[in-house]
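Please read through the structure below; I'll follow up with questions.
Chain IDs A, B, C, D and E follow the sequence of writing; residue 1 opens each chain.
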Amino acid sequence: MVASYVPLSYYLLLSGFLFACGVAGFLIKRNIITIFMSIELMLNGVNLSFVAFAAHWHALSGQVFVFFVMVVAAAEAAVGLAIIIAVYRTRETLNVDQVNLLKL
Amino acid sequence: MIATHAPAFSQTLPQSADYIRILPEIILSVFGMIVMVLEPLLDEETGQRLLGLIALVGTLAALGATWFMAQAPGLAFWNMVQVDGFSVFFHVLIIAIAAVVILSSYEYMAVQRIRAGEYYALILFGAVGMALMSSAIELVLIFIALEISSISSYVLAGFRRHEASSAESSLKYFLLGSFATAFFLYGVALMFGATGSTNIDQIGRTLVTGPIPVLAFVAVAFMFVGLGFKVAAAPFHIWTPDVYEGAPAPVVGFMSTAPKAAAFAVLLRVVFVVNVHDIFWVIWISAALSMTLGNLGALVQSNVKRLLAYSSIAHAGYLLMAFAATPALGTSAAMFYTAAYAAMNLGAFAVVSHFANSGERYVTLEDYEGLGRSSPLLAATLTIFLLSLIGIPMTGGFFAKFYVFSAAVKANLIWLTIIGVLNSGVGAYYYLRIIVMMYMRESRKEVPVTRVPIPLGLALAACLAATLYLGIFPNSVLQYAQDSAWQLVQPGPPETPVSALVSTLSEPR
Amino acid sequence: MHLILFLAFGAVCVAGAVNLLAQRHPINGALSLIAVMAALAGEYLLLGAEFVAAVQVIVYAGAIMVLFVFVIMLLNAGVEEQTNGSRVALLFGVPGMLTGSVLVAWVVLQHSGTESVPIGALPGHPTDIAQLLFHDFLLPFEVTSVLILIAIMGAVVLASKPEAAAGKVD
Amino acid sequence: MNPNLNLWLIPVLPLAGAAINGFLGKKSSREGVTAVALLFSGAAFAMALWVAGHFSSLLLLPYHEFVAHWIRSGNFSADFSFYLDQLSLVMLLVVTGVGFLIHIYSVGYMWDDPSYYRFFSYLNLFMFFMLTLVLAGNYLLMFIGWEGVGLASYLLIGFWFTKDSAASAGKKAFIVNRIGDFGFLIALFLLIKHFGSLNFQVFHRVESFKAAGNEGLLTAIAILLMVGAAGKSAQIPLYVWLPDAMEGPTPVSALIHAATMVTAGVYMVSRSHVIFENAPTALMVVAIIGTLTAFFAATIGIAQTDIKKVLAYSTISQLGYMFMACGVGAFSAGIFHLMTHAFFKGLLFLGAGSVIHAVGGEQDMRKMGGLRSYIPWTFLTMSIATLAIAGFPPLAGFFSKDEILWKVFSSAHGSWVFWLIGVVTAFITSFYMFRLWFMTFFGDYRGTQADSHGHASHGHDSHGHGGPHESPMVMLVPLAILAVLSIVGGWVGIGNHFDNFLAPVFELPLPAQSAAESGGHMEFYLTIVSVGAAFLGFYLAYLLYHKRQDLPQKIADGLGGFYQAVVHKYYIDELYAALFVKPLIDGSTRILWQDVDRKIIDAAVNDAGDGARQVSDEVRHMQSGNIRSYAAWIAAGSAVVIAFMIWMGVGAR
Amino acid sequence: MTAGAWSPYILTLVTFAPLLGGLLLILFPRRDRDIRVFALVVTLLTFVLSLHLPVYFLRGQTDFQYQVDKQWVSTPNIHYHMGVDGISLWLVVLTTFLTPLCVLISWKSIHGRVKEFFILLLILETALIGVFTSLDLFLFYFFWEATLIPMALLIGIFGHERKVYAAVKFFMYTMIGSVFMLAAILWLYAHTGSFDFVVIRDQIMSGTVPKFPAAAQWLFLGFFLAFAVKVPLFPFHTWLPDAHVEAPTAGSVLLAGVLLKMGTYGLLRFNLGLFPEQSRQNAPWVMTLALIGIIYGALVAMVQPNMKKLIAYSSVSHLGFVVLGIFSFTQAGLNGAMFVMLAHGISTGGLFMLAGILHERRHTYEISEFGGLASPMPVYAASYLVIVLASVGLPLLNGFIGEFLVLSGAFQDKAVYGILGATGIIWSAIYLLWMYQRVFFGKVTHPVNNSLSDLSGFEKVAIWPCAAVALVMGVAPILWLAAIDPAVQAALTPVVGVASRVVAP
C-alpha cells in the first residue's frame, strides 16, 4: 500500500521541471506573449510545489498561498497584456529582439 | 512542526490596535481611491492641482498616522505585520518619498501632459505596498505587497506611453520583474517546504534550532535572486539603466528610492532574521560587483538619467556591504544609507525632471553646460546632491558611506571595504563631470531655463534640508536606526560564524 | 495506482510544457499551457487539494488563459520569426538554467526526504480554507483588493488609446 | 672682565647705510647718497680703529660678545655672537680700511652712473656681510656672511644687468660659490654630528677627538672646508667664476674680487687651523691646491690682453700663494700676504679702473700704451703696486711673498717642490705684471677716440670725451694712500712682528731664535733667488714688450697650439660646459621632464583613466538592450548563486 | 591670564569665521566692490583672531592647547575635538596670513563671478584651518575632503586654458589617494572604538589594539598614500604642475602655501604619531623618494619654459626637504621640516603672487616672453629678487633656516641623505637665478614689456608682507622654533622609543 504512494520528490521534480521550462521559454522564445506565458508556466510550477509541500507538512497555508499566487498572476496578466498592447501600438511588433531602443 | 494557525477555529475579530498598526496604509489607500474617483469629475487644469494636493494631503496624513502606529508596536492581524522601530522607520521614509515625488511631479504632469489621477493614485497605492513590505513578516503578505509595489512601478514606468522608449522600459521592467518575482516565489515555496511555515519569525526560530536543511539554502538563494533584482544588485542589476532611461524622470526618482528601500527592508529581514549566514559570500560578491559595474558603467554615459541609473547600481552595491556586516551594525548602516540615498537621489532627479522640460528633451550632459551661469541656484542645488552622491563631507551621502564602510570594517571585511573606497573614489569622476559641465563649460546650445515652480521648490528644499541635516547632524537618525536595528535582531542569532568566516580572509596580508 | 495517475498527469504536464517551447505560434502555446494547467489540476486532486484544483481550472485555465488568447487574437500575433537578438541568452542563459535546474533536482532528490505523501492526507475542506483565508490571512486578502485595483487602473491607463489621452489634454 | 666693545655695531652700521640708500636713495640726490654711504662705511672703519685701540686693554682673548639667540633646535644652538682675536682684528682693519678707501674711490668712478644709489647700497651691503663673516662667533654666523658676500658679489657683478654677459657672470659666480658652500655645509653637518656645536670653542675638543681615533673624520671636515674655501677664494677647480666677475664695475673688482671677499677662504681656513693642523692629509691637499692654482693661474695671466683679466688671474695666483702658506701650516704668513695683497692688488685694480676711466672704457691693453704721460699719478701708483706684487724689496709684496716661500721651504709640512713652483710663479708673476705695465704705459697710444665712443654704447661706465685724461682727486687720493700702504705695509713683517702678533691665535711657539739662527743663511739665499726671479721677470717683460715688440707674436706662433690653449684659459670653461652644464640641461629636459614626467608617470596616470573608460565601454555592452539577454544574465547569475548556496548548504551539514 | 576666558572658543572662532563670512556673502548683492571689501575684512579679522593663538600659546608645553572637545555624533563616537600644538599652531597662522593676501591679489584679476570666487575662497580657508586644528580623525578627514571641492572649483571655474583637465586631475588624484586613508581611519575606529587622535595614539602605544601589529603596515600605507599624493611626493606629483599652471593666482598661492602642507602635516602628525614603528621601517624608501623629489623636482624645474610650472616643480623639490626632515627622526630634522613648511608657504606663495601679477599684465607665464623687466619695473624686480633669494635659501632669509636644519638632521640620520639633499641648495640656486636672469636681466626683448607698469598699491600690500615675514623668519627663527621645538620633541619621543627595538640588530 505504502509503495503505491507517490514520493514528495516526484512532485517537486515535476514542479522544478515546469519552472525550468518556463525559464527556458523566456530565454528562447521571441514572441512577447509567449514569453509572458512561460512566466505563467513558472508560476504554475511554483504552485505545484506549494501544494505538495502543503500536503507534506499538513499545512493548509500552502494551499492558501496558491490562491494568492493565482490572484497575482491574474493581476500581472491584466497589466502585462496592457503593456504589451501599448508596446505593440508604438512599435508594431511583438518580437522581443526588436524591442531594444534603450541600450548601452 | 505545526502550521502557523491554530487548527481550532478561533472566531476573534481584528482589534482596533490591529487597524492602528496599519493605519498609514489604510489612509494612503483611502486617499488613493478618492483621487481615483475624483479624477474623471475634474477638468485638466484643476485636476492637476487639486488631485496632486489631495494626494499630498494623503501622504502627510499618512505620515501623521505613522506616529500613532509607532505608539502601538507589536504584531497585528495574527502575525501578518509587525510594527517595530524598523518598520516605522521605513514607513516614514517611504511615505515621505511619496510626498516629495508628488510635489516634484506637479510641474511634470503639466509639461508632459500626463493624466494626473491615475498617476497620483498609483503612487499612493504603490506606497501602500512598499510600506507593507517593510512591516510584513508573513511571506504571503510580503509577496502581495511586493507585487503591489512592482506592478504600480511597471505602470508608472510606462506612463509616457506615447513615447516608444517609455513603453519599452515599462515592458522590460514588467517582463524581467515578473521573471524575478517567479524566482522569489519559488524561493518562498522551497522555504515553506524546508520549514513548513511562511512566517519569517517562525522560519527563523525553526532554522536556529537544529541543522539547516539544504533546501533552505536553495530557498534563500532563490529569494535573494528575486530581491536582488528589485534592489538592482549585480548581476541582477541589468534592467536598471534601460528602465530608468525610459521612465518619466519623477517616476525614476520614485522607483530608485522607495521600492528599493522596501526591498532592502525585506532583504534585511530575510537575511538577518532568517539568518542563513552563508548568504554572506553571495552578498560580498554581489556588493563588489554592483559597485564596480555600476561605477564603470557610469563613467562614459552621456545621458544624465542613465548615468544616475548606473550610479544607483553602484549605491546598491555600497548598501549591500552593510548586509555583509554584522546584523546590528549592518542594519542600522543600511537604514541610514537608504534614507540618505533617498534624499539625495530624489533631489537629483527632481532637478533633472525640471530641467528635462517637455518630452524630456534635455537630458544629455551637453545640455547641462553653463547651467551654473544661467540658473545658479538650481545648479548649486544639484551640485550639493551630486556631492552628496560622491560622498563629500557636510552631506548625507558622506555619513551614509561612512557608516556602511565602518560597519564593514567592524566586521573585518577589509578587502570589501577597500574595493568600496576605491569605487567611491573612481565614482567621483562621473558626478564631477556633471559639475564640470555646469560650472566650467560655457553653454553652446540654447537650453530654455524655466523658473522653478513652488511645489518643486518645496520638494528640492525638503531634499536639500534632509541631505544637509543627515550630513551635519546624523546623530538622531542614526541613533534611531540603531535602536530599531537592535530590536530587530534581538535576540540576535549567534554572530560568531560570520566573524569567524570573514576573519579568515580579511587578515591584512 | 496513485503513482500511475501521477505519472499520467505528469506526462501531460511535461508534454504541454515542452510543446509550449516547441510551438512557433502563440495560440498553440496558449493551448498547450492550458493543457498543462488542467493536468496540474489533476495533480492537485492527487494531493487532496480539491478546492485548489477547482480554482486552478476555473480561474487560471478559464479566466487568465482566455485573456491571453483574447489578446493574441486582438493583436493577431502571427508565427514568431526566428530572429536571434541575443547570443548571451544561448551562451549563458540556457546553460545556467540547465545547471540550476539539475542542481535543484539533485538537492530535491538528496535532501527533501523521500517519504511519500498519502492521498487525502490533507483534506482541503473549503471551511478550513475559508477559516484561513478570511481570518488568519485576512490582511493579505484585503490587500489583494488594492493589488487588483492597481491592475485595473494600470490596464486602463496603458491600454487606452494615446489619442484619448491626447484629446483629453487638448 | 672684558669691556663691552659692541662689536655688533661694526657690521650693522654699513647695513643701515645699505638700507637707507636702498629705500630712499632713489629719491635723494647723489650728494645725499654719497654722504650716507661714506658716513656709514667710514663709521665702521672708525669703530674698527677704536676697537684696535682698545684691543690691548682686553683682558682675556678671544673676546666673545653674545648679541641674541638665533637658532635653537633641541640641544643644538647657533646664536648671533661675535668673536674677536688678533686674526679677526687684522681682517677687520683690512676690510673696513680698504673698503672705506674704495668707497671713496667709487664716488668718483660711479658718479655718472644712472643707478648710483643702488651701487652704494650694494657696496654697503657687502661691507655688512663681509664684516659679519669676519667677526662671526660661530660657523653658522660665518656662513651668513659667507653666503651674503656671495649675494653682494652677485648683485655687483650683475650691476649693469642690461648686459647679458654681466648678468651671466653674476649668476655664474653665485652658483660656483654655491658649489663650494655645499662642501662647507657638509663640513658643518659633520661638525654638528660629532661636536654638537658650531661655536669656535669646539676647537678645544679637536685634539681629544683626534686622540679618539677620528683623524679620518677631521680630514674629511678639513677637506670639505677647503672645498668651501676653494669656491669663495677661486681655487682649482672652482676658480672659473673670478675672471668673469670682472664684468662688474672696477671698484667692485678691487674690493670684492681682490682685496676682501676672495680672501674669505683664506681667513676661514686659518680660522679652522686647529682642524687642519690635526689633519695633515688635508693640509697637504690645501698646499697642493694652492701651489697648483698659483702656478696655473699665473700661466694664464701671461696671455691675457684684457687688463682686468690679467689682474683677475694674478689675484687667483696670489690667493694660491696664501693657500700654499696655509697648506704648510704657516697661517700667519698666509694672513700676512692676504693683508699686503689687499693693499697692492686693490691698488692695482683701482689703478686699472683709473686707466679704463681714462681711455673711456677700453679694457684691451693692445689698445692702450704710452699712457704714462696722460695719467702720471695713476702711472706712479700703478708702478708701485706692480713692483710690490712682483716682489721687489722693500715693498709689501716682497716681505709677505718671501715669508711664504721661506715657510714653504722650511716648515714641517713644506717641501722644496712647493718652493720651486712658488719661485717660478713669482717669476711669471713679475713677468706678466710688467708686461701689463709696459703695454699700458709705455710705447705710444694705440687707442682711438672712436673706440671710446663705440664702447660707450655697451652699457659701460664710459663717457665719450676727447683723449685719455687723469682721474679726479677723489679717485687719486685712495690710490695714493694704497700706494703708501703697498710700500710700508710689509714692514710689519720685519723681525716677525706680524707672526708674533698672530701667534696666540695659531698657538705657534714664538719662533725660537735658534731656528732663526740656523735657518738664517738659508733664508737669505732663498730670498736672493726669489728676488732674482722677480728681476728676471721684469727683464723678460722689458725685452718682449718694450724693446722687441715683434717677438711676442713670433713666440706665440712658435708655441702655436699651446699658446692658443693658454689664451683660451686652457679651455676650462668650455670643458666644464661640455662636462656638466650641457648634459645636465639636456638630460633634465629630455629624460627627466619629457620622458619620465610626461611619457612615464603622467602617461601612466592618464592611461589608467583611459583604461577605466575602455572597461566601462565593455561593461556597457552587457547592456545589449535585448530583454532575453538580460533574462539570461539573471538566469546565469541565479544559477551561480544557487550552486554556491547548495555547496555551502552541503558543506554546512 | 586673560586668554583663559577665550581659550575654549578661539579655535572654533578662527576656524568658522571665514565660513560664516562666506555664508553672509551669499546674501550680498552682486556689487563686486562691496564683496571684495567684505571678503578682505573677514579674512583680516580671521587673521587677527588667529594671532591670539601664538600670543597666548604656552611655549615649552607639549600637549595640545585651546582644546575643545564636545561630542558630535554619539555612535560612531565622533567628537568635535580641536586643539593646536606647536606644530599645527603656525600652520593655522600661515593659512590665515596668506588668505587676506589672496584676496588682495585677486582684487583686480578676478572679474566675472566675483561673488562665487570669494565665497569659495572663504569656504576653502575654513576647511584648511579645520584640517590643522582638528584632533578627531573623523573631523580631520571631514575637513580634508572639504578642502577638495572649493579648490577644484577655484581651478575649474577661474582657471586658464586647460582648467577643466587640471581641476579634474587634481580632484581625482586627491580623492583616490584619500579614500585609502578613510579605510585606515575606519579600521582604527573599528579596533579602538574612538576617532580621537590622542586616545588612539595612547592605545597604540600601550599596545592594547587588537590585530594591530598585523595591520599596522597597511594602515601606515593607507595614511601615507593620501598624504604622499598631497605633498606631493615623487611619483605622485604630476597633478601639481597642471593644477598650478591653470589655477588662478589666489588658488596657486593657497595650493602651494597651505594645501601641500596638509600632506606633510599629516605625515608628521599621523604617520609618525600613530605608527612610529612602521615609520621607522619605511623611512629608508620614503626618504629615498623625498631625495628623488628634491633633485628630480629641481632638475625638471630648471628646464621649464613656463614660470608657474617652474615654481610648481620647485615646490616638489622643497616639499621633498620637508619629508626628508620628517623621516630623519631627528630633532633638527623635524624642526627644519616644520620651518621649511612655513618658509615655503611664505616664499612660494609670494612667488606665485608675483607670477600672477606678471600674468595680469601680459597674460602669459612663458619665460621667453619676458626679459629685461628690471628696467621697466624695478620695484617688482627687487621684490621678486627678495622672494627668490628667500626661496634659494639665503641665510638671514627664511628658506635657509629650515633647509639647514633639515639637512643637518638628515645628515645625522645617515650622511648620504644629508649630502644628496644638500645638493638641493645648488639646484635651487641654479634654476631660480637662471629664471630670474632670463626674466629680468638683459635688454628688454619684447617691446610690449617696455610699457609694463610697476607694482600697484594693492600688489605692494600683498607682496611686501611676504618679503618682510621672510626676513623676520630668517633673522629671528627663534620666535617660531620656541613653540615648535617642544612639540616636535614630543612627536619624536615614540619614534625614538621604538628606535632601539627596530634598529637593534
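Definition applied: contacts are C-beta pairs under 8 Å (C-beta built on N, C-alpha and C of every residue); 3 or more make two chains touch, one makes a residue touch a chain.
Remember, it's a predicted structure, so these values are computed and weren't measured experimentally.
S.K.: Using the contact definition given at the top, which chains are in touch with both chain A and chain C?
M.R.: A chain counts here if it touches both chain A and chain C, which gives B, D.
S.K.: With a step meaning a move to a chain it touches, how many steps does the shortest path from chain D to chain E take?
M.R.: Counted as steps through touching chains, the separation is 1.
S.K.: What is the chain whose Cα centre is as far as it gets from that of chain E?
M.R.: C
S.K.: With chain centres defined as mean CA positions, report which chain is farthest from chain B.
M.R.: When every chain centre is compared against chain B, the largest gap points to D.
S.K.: Ranked by contacting C-beta pairs, which pair of chains comes out on top?
M.R.: Greatest number of C-beta pairs in contact occurs for A-C.
S.K.: Quick check for you: compute each chain's CA centroid and the global CA centroid, then name the chain with the smallest gap between them.
M.R.: E
S.K.: Rounded to the nearest whole Å, what is the centre-to-centre distance of chain B and chain C, using the mean of the C-alpha atoms as each centre?
M.R.: Inter-chain centre distance comes to 29 Å.
S.K.: State, to the nearest whole Å, the distance from the C-alpha centre of chain A to the C-alpha centre of chain E.
M.R.: About 65 Å separates the centre of chain A from that of chain E.
S.K.: Which whole number of Å gives the spacing of the CA centres of chain C and chain E?
M.R.: 69
S.K.: Can you give the whole-Å distance between the Cα centres of chain C and chain D?
M.R.: Taking the average C-alpha coordinate of chain C and of chain D, the gap between them is 102 Å.
S.K.: Please list all residues of chain C that touch 2 or more other chains.
M.R.: Expected reply: 85-86, 89-90, 93-94, 97, 100, 104, 107-108, 112, 132, 136-137, 140, 144, 147, 150-151, 154, 156-158, 162.
S.K.: Two or more other chains in contact with one residue: find those residues in chain D.
M.R.: 620, 623-628, 631-633, 635-638, 640, 642, 646, 649
S.K.: For chain A, write out the residues touching at least two other chains, lowest number first.
M.R.: 12, 19, 22-23, 26-28, 35-36, 52, 54, 56, 58-61, 64, 68, 72, 75-76, 79, 83-84, 86, 89, 96-97, 99-103, in rising order.
S.K.: Which pairs of chains touch each other in this structure?
M.R.: Result for touching pairs of chains: A-B, A-C, A-D, B-C, B-D, B-E, C-D, D-E.
S.K.: Which stretch or stretches of chain C touch chain D in the complex?
M.R.: 85-97, 99-100, 103-104, 106-107
S.K.: Given the complex with chain C, which residues does chain A contribute to the contact?
M.R.: By the definition above, chain A touches chain C via 2, 4-14, 16-25, 27-31, 33-34, 36-38, 40-41, 44, 47-48, 51-52, 54-56, 58-61, 63-64, 66-68, 70-79, 81-86, 88-89, 94-98, 100.
S.K.: For the complex, which residues does chain A have touching chain B?
M.R.: 12, 15, 19, 22, 26, 32, 35-36, 39, 42-43, 45-46, 49-50, 52-54, 56-62, 64-65, 68-69, 72, 75-76, 79-80, 83-84, 86-87, 89-91, 99-103
S.K.: Which stretch or stretches of chain E touch chain D in the complex?
M.R.: The contact residues of chain E facing chain D are 169, 172-173, 235, 237-238, 296, 299-300, 302-304, 330-332, 335-336, 372, 374-375, 389, 394-396, 400-401, 404-405, 407-408, 411-412, 415, 418-419, 422-423, 425-426, 429-430, 433-434, 437, 440-443, 475-478, 481-482, 485, 489.
S.K.: If we count contacts the way the header does, which residues on chain A are in touch with chain D in the complex?
M.R.: It is residues 23, 26-28, 35, 96-97, 99-104 of chain A that touch chain D.
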